[in-house]
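Chains: A, B, C and D, in written order; residue numbering restarts at 1 for each.
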Amino acid sequence: MARPGLILKLSCPDQPGIVAKIASYVAGHRGNLIEFAQFTDKLSLRFFARLEIETGELDVDPEDFIEGFGTLGRSMKAQWHFRRLPYKMRTAVLVTKTDHCLNEILWRAEIGELPVEITSIIGNRDTCRGIAGRAGIPFHLIDMDGDKRSAGFTRIREILAEEKVELAVLARFMQILPDDFCRDFEGRLINIHHSFLPAFIGANPYKQAYERGVKLIGATCHYVTADLDAGPIIEQEVERVQHFHAPNDLVRLGRNCERIALAKGIRYHVHDRTIIDGHRAIVFPD
Amino acid sequence: MARPGLILKLSCPDQPGIVAKIASYVAGHRGNLIEFAQFTDKLSLRFFARLEIETGELDVDPEDFIEGFGTLGRSMKAQWHFRRLPYKMRTAVLVTKTDHCLNEILWRAEIGELPVEITSIIGNRDTCRGIAGRAGIPFHLIDMDGDKRSAGFTRIREILAEEKVELAVLARFMQILPDDFCRDFEGRLINIHHSFLPAFIGANPYKQAYERGVKLIGATCHYVTADLDAGPIIEQEVERVQHFHAPNDLVRLGRNCERIALAKGIRYHVHDRTIIDGHRAIVFPD
Amino acid sequence: MARPGLILKLSCPDQPGIVAKIASYVAGHRGNLIEFAQFTDKLSLRFFARLEIETGELDVDPEDFIEGFGTLGRSMKAQWHFRRLPYKMRTAVLVTKTDHCLNEILWRAEIGELPVEITSIIGNRDTCRGIAGRAGIPFHLIDMDGDKRSAGFTRIREILAEEKVELAVLARFMQILPDDFCRDFEGRLINIHHSFLPAFIGANPYKQAYERGVKLIGATCHYVTADLDAGPIIEQEVERVQHFHAPNDLVRLGRNCERIALAKGIRYHVHDRTIIDGHRAIVFPD
Amino acid sequence: MARPGLILKLSCPDQPGIVAKIASYVAGHRGNLIEFAQFTDKLSLRFFARLEIETGELDVDPEDFIEGFGTLGRSMKAQWHFRRLPYKMRTAVLVTKTDHCLNEILWRAEIGELPVEITSIIGNRDTCRGIAGRAGIPFHLIDMDGDKRSAGFTRIREILAEEKVELAVLARFMQILPDDFCRDFEGRLINIHHSFLPAFIGANPYKQAYERGVKLIGATCHYVTADLDAGPIIEQEVERVQHFHAPNDLVRLGRNCERIALAKGIRYHVHDRTIIDGHRAIVFPD
């Protein structure tokens, strides 16, 4: 991802010759195809693809290349998106008290695993202010208790707008987002749910898991939609547990799942490895 | 398990000196403690244990040893159960069409992994008759379609009684059991559900999993209770899947989970490694 | 795989426009691309691909389509292979005493998971004759003890030739193959090793694993080369173990890994999802 | 672990009545047995146990209780160890350049998952000085290049002695320890090896894994002995990989395994959940 290049994400109705057309367009302008992941959904008859293209040898300017693709894209009735590389996605992290997911994101961003620029950390509790400070990232405390909830969400939306945030990550943010928030940021909101969805939707999933006596616990990284905990799943992790694990043990062990699933999910998103398709997410992992 | 011995399963309110009392009783009669698995539930304050005792050196007859334990057991307000080894549990397998779980059980019984004696195979379809025949096991075809359902279950209960069945395994038996059946055979009915419970309760779990876009599928081996798919979980297995797996791929991959989870679950049960505790099962795996 | 079609496997030096060229050839003759999995090895600069093509609408005879591809293939300095679908690969299974891998293959072939035709079962012990008989498959007992080893392998090669065997599976066949055998059948010999290779090469891997005190055991399905247990790996499975698992417990638990890894490995091979690349195998899983 | 209590670790030759004797001693002095994990190795005929005892109701002083146990322990020819709770183990972390394992330990110590007191961080490179500073932990830079290696280890041993270090963790410390160091700190030195041992001993395990084409990579947390990478294994983790993962992808994915395996391994050690038995470690996980 370090060299100049483009990522193209595309979906369209399945049709003859589609791979040939796209690959020929790229090759015709001397783009170097690094990856061309595709998938044809045989049930919905839709085609999905992600291309990674080195543009060092292009015979036109990248903007021209992108522009020219439009004719082909429209002829295939496609939806598509280009991203120029290298790229860092402007990302806000929303938190409440627990910091393990936040720490994970900060550390992975720092070592270069996540190409994100953390614009700010937004908390409805003050707990994570210190971490933000040590990382040199602005921290916004938003009071959302009781009747300040609605004003709080308005303020958050202002911050996201002011900071030109492209991705908001709910890193154990313990507030249910208003429907209009979810709709307006559709596809740009990622949550980590501390259960193996769709099991244990809602509050206290580890307690629910303990009471149900499951033998594996998990965590789910998903896009947020207005339908609580029902958005498209990006990644899931599980860990084996036994009867002697009390709810607080599940919390402890589950943190491992949460951190890994969230970090992988964010990476897939910022690398444009996900395509949302209704209730599902197509994910081309790396 | 091949040598003469006893398995003791026990549960009681937690209380001081409980391990000392039980172990002293065993040692006092020269029982050789092979395994003494215990667990104290710190939430319910109940104690659970499973002991495996070699009895070759006992200073009394094993029946006398069992009898004598009663005084101690009652003083601790315990529920307990002894089983004499070696032992083969009389087991009936209920099937419909698919045979992978049945085959798994037969093969594991044959190589000695499952100490069961298969009394008969009971099917509401004729599909598995050939397998039963090749294994030299009686096959009962029970017509349960439409209004014959109730009579069918009556007939199944007769067979279980006639054949002195101790354990009935629902090996992808596609019929919902009547409540009284579940109650009467409580703790002696094991099912394999082809999802990672409590996700995807009910019919067509693989189709549900596909539509939800999960990244891991699973199978759950559990005791059957009147509350559908909500009985105590014995074992669970998962397998990673991706967007390109169509529902029939999930069926194919899920079979691996179903076979392993069911086989392990049955083994734990017949080796007395499970103790049902309300909605949960304590399981001491081997 | 049920409809008429073709699978194309190909590898060649990486070069510009390669995906466009191949896809255009297919589309130009009205082949319907069902799957086009590719991989460019950035270290060796080689390109690998597997295409699945429906041929119902081809504008030429499939043989003509295959013939015509040669010009393109040679221009890319590629190695390639076409297979016409539907297809059943003629497969011999070599065994010694243990039958779990053999049973797995037979069962999966029967339910249609493995598109193989089992030509015969070859054993250097008589143990699996009964299984072969029940499945209606010829069984060859080959005495390989002591000085009969060399003659035994000669006889096995005769059988493979007579029965036009395309794939030989070593399903816990406890004999080391002569070098010339490995060379002559390169890429057509699949073995299951009962450890997580490259750990525990050679004899008694479960005993080695026990003594080393590993916390996970495994099994490895790989192509056989003259270099013992060093051939290209197709699939691996692991299972968690603990200190209380004696070597015979590892044998028991390991069987689960062996069966799954071998069955998946064979499936990948017969579906042309593997491409051998020196010591490694490119595998496009399904 | 927060309440006053004791952990007792013990091993001895297997013998009749051993559980009864130990449990009776505890109960006889009104110790409350929270956990009593045991294991009898049927091959070596040795008995291993870990007891967690609440001492709030003891009829004697804990020191007296410990003292009194000696008579019993000696009669059983046991080796044993008591630890008084609550307890924080004085721990030094040795690093070179990479910081993911160090970060993991610091974070887990901070949230209370690891009951350790980090005495200092010792590096043969300066890279982790900043992290140490932010965490308020002393950092020692030890030059070990070329002919300064021997003096470097002498200095490290001085630091460990001055700081009364009980546990030294090699958190991706890229230096091979001298034999006498390993011997003198036997059982108090924990390493994380970035492969699934015993596969890929020595340098560059991810590169080795790539070249061998494995389908799962792993990490191993183990006690350090003079025999490189051959010490008793405490914990192992694996992650599935495919042909398209280049060596640097394995490094990235492997970090997840390394962090989890090391953190669990340290936790088991400081909670006295491990007993070294020759080349193996008995581990009672939580």
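Before moving on, here are some points about what is shown:
To be clear about the criterion, a residue touches a chain if its C-beta (ideal position, glycine included) is under 8 Å from a C-beta of that chain, and two chains touch if they have at least 3 such contacts.
Just so you know, these numbers come straight off a predicted model, no measurement behind them.
Ranked by how far their CA centres sit from the centre of chain B, the chains are topped by A. If each chain is reduced to the centroid of its CA atoms, chain A and chain C end up 37 Å from each other. Centroids of chain C and chain D (each the mean of its C-alpha atoms) stand 41 Å apart.
Looking at chain B, one finds that residues 244 touch two or more other chains.
If you sketch which chains touch which, every chain touches every other chain without exception.
Those residues of chain C that touch chain D in the shared complex are 39, 42-43, 196-200, 211-216, 218, 232-236, 238, 242-244, 246-247, 279-283, 285. Interface residues of chain B facing chain D in the complex, by the touch rule stated above, are 16-21, 23-24, 26-28, 30, 32-36, 38, 40, 240.
For chain A in complex with chain D, the touching residues are 99-100, 103, 107, 111, 113, 134, 244-245, 249, 252, 256, 260, 286.
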